[in-house]
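Pasting the structures in now, so scroll down.
Below, subunit A partners subunit B and then partners subunit C, in two separate complexes.
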Partner chain A sequence: MPKSNKPIVWGLFAAGGTVTAFITPVLVVLTLLAAAGHVPDLLTYDRLHAFAAHWIGKAVLFGIVFLSLWHAAHRLRITLHDFGIRGDALVAVVVYLFAAAGSVASAVTLLRI
Partner chain B sequence: MSRRPYVREMPTTHWFLRQPRYLRYMAREVTCVFIGAYAVLLVIALARLAEGREAYEGFLRALGSTAGIAFQVVVLAFALYHTVSWFSVTPKAMPIQRGEEFVPGGVIIGAHYAGWIALSIVVLVLAGVL
Partner chain C sequence: MSERRIELEVLRYSPERDREPRFQSYTVPCLDEWVVLDALNHVKDHLDTTLSYRWSCHMAVCGSCGMMVNGEPTLACKAFVRDYPDRIRVEPLANFPIERDLVTVMDDFMEKLARVKPWLIPGEDKTLGSGEHRQTPAELKRFKQYTMCINCMLCYSACPEYGLVPEFLGPAAIALAHRYNLDSRDGGRAERQEIIARDEAVWQCSFVGACSEVCPKHVDPAGALQQVKLASTVDWYREHLLPWVKK
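This part shows the complex of A and B:
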């Protein structure tokens, strides 16, 4: 175990914050278009399946999901403290486990495609 | 006479309602809930995609329900707030030095906005929207 794992935790948080700042708004626009009945080409079953079947597509999708989850988990940990919730050790375990579970689930799913 | 140190009163659960700048800080931090919730939606989307055409198309229909659209509109609002607040601290988070001088914050922030707009257009083109 390193002396402190803070650089890793914070580094992933910052990477996730940057990736989500750049990509999440346009992704939501794409899914909103699909929701409104104008499904973008990329989000049709055939195209998205083909994208996720390629290793580059898998890497992109996993990267977005993993970094989003990690960013959210770490910031939520800090924010819960700001809301007056104490017991950081338990909070940390819960939020990081949640992020890890979501990441593993998406990795396993992507490998099935 | 005993010393009576001044203890500033600070409510632990709603301190951020006291000042607009605290509230803006909290709004910035709370964006993570929506970034996380949307990531969960993406995990579900991948699971449906792996299940097959019918499951995935059912997922798209669920996205189009009133609740699905409302959820995404709220996520979009918080995601945009995250983008703006994230870019606004980039000069502090990663100052760039050129010789003796630091690159002005406005240039760093502006470069992020330019990159963001360019990437968004590329994604829209790749997705077949534009």
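This part shows the complex of A and C:
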């Protein structure tokens, strides 16, 4: 039995977990602030649009979306396994397809900006 | 000294006599400072000499008296009766076959433990005359926590993954492999990785964390396994993307 190839999916999962832990709460707070009408000067629509229009901004945003989705997909896969749902291959295909579809959608959206 | 009567429900099973396990109840007068192991010893000494269970040191060092106390993997010598209600149910460790009463068959764990080579494989050839392998306090600190394991198998009993997939190498064995991998005097990591970086080894862990919760010696096997995952991931990328770089 050779060494596992799981590091491919787990490495992205771990990176996504780090991103989700550090960035997502910030995004939630900022979104709530914006919804309440308190948009800091730094985060006005024009500035954020300019950020997303630059290729570095696109890369950062895509990285956050892709890693977060991958993390969520892998977490869901493992959770279903822990709940005793057998059929890991089917579960893996479905959840990773969701993550891939979301990533492609975010890439398309970003490229259009 | 106050005395309290408790109902001790003990799982009994004799392979020659019983078709399946059953519970037997004993009324035990317990002193305030008694642990569940004391109550079992009282049963053995005064009420029923046929009861079988493992124990030795009575001080959480030998790791023999692991059992389910009210459904949780615990060392019977560390479970104070005063912390439990008047009815205490004692069963053999979950996830292991029963040999007799509270005694489980440990063969699976013993075989897995040996497989990870949990001993020092010297990194450099050194004759006895050239002196000891020196280690700084900082180097010792890296792995000392993982040396506290007493092989009590509570972590295997608590691990739902081991219950689902019996081939899983399991928390204690991988944490001990990690202990030697982190040792500055050791050179056996490549050999051990061949065992612990497989699908049915560290990658079977879904980080439930129950192993660390029940560990009586605060080894934190779950933490060790996550560190092994990270190190194995770095290995994987080095081996596949930079195959020309020597380890």
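Everything that follows uses one rule, which is that the second predicted complex is superposed on the first by the 103 of 113 C-alpha atoms of A that agree within 3 Å, B and C clash if a C-alpha of one lies under 4 Å from a C-alpha of the other, contacts with A are read in each partner's own complex, and residues count from 1 in each chain.
In this text, a contact is a pair of C-beta atoms (placed from the backbone, for glycine too) under 8 Å apart; a residue touches a chain by one contact, two chains touch by 3 or more.
Given the structure is predicted, the values throughout are model-derived calculations rather than measurements.
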Partner chain(s) touched by A:Val26 [first = subunit B, second = subunit C, both, neither]: first
First, second, both or neither for A:Ala59, with subunit B first and subunit C second: neither
Contacts of A:Ala14 with subunit B and subunit C, given as first, second, both or neither: both
Contacts of A:Leu90 with subunit B and subunit C, given as first, second, both or neither: neither
First, second, both or neither for A:Val104, with subunit B first and subunit C second: neither
Subunit B versus subunit C, judged by how many residues of subunit A each one touches: B
First, second, both or neither for A:Asp82, with subunit B first and subunit C second: both
Which superposed partner A:Pro40 touches (first subunit B, second subunit C, both, neither): first
Common ground on subunit A, meaning residues reached by subunit C in one complex and by subunit B in the other: 14, 78, 82, 84
Of subunit B, residues touching subunit A in the complex: 11-13, 16, 26, 29-33, 35-36, 38-43, 46-47, 49-50, 53, 56-57, 60, 63-64, 68-69, 72-73, 75-76, 79-80, 82-83, 86-87, 93, 112, 115-116, 119-120, 123-124, 126-129
Residues of subunit A touching subunit B in the complex: 14, 17-18, 20-37, 39-43, 45, 48-49, 52, 61, 64-65, 68-69, 71-73, 75-76, 78-79, 82-84, 102, 105-106, 109-110, 112-113
Residues of subunit C that touch subunit A when the two form their complex: 160-161, 164, 193-194, 197-201, 203, 206-208, 229-230, 232-233, 235-237
Subunit C contact footprint on subunit A (complex, rising order): 1-8, 10-11, 14, 78, 81-82, 84
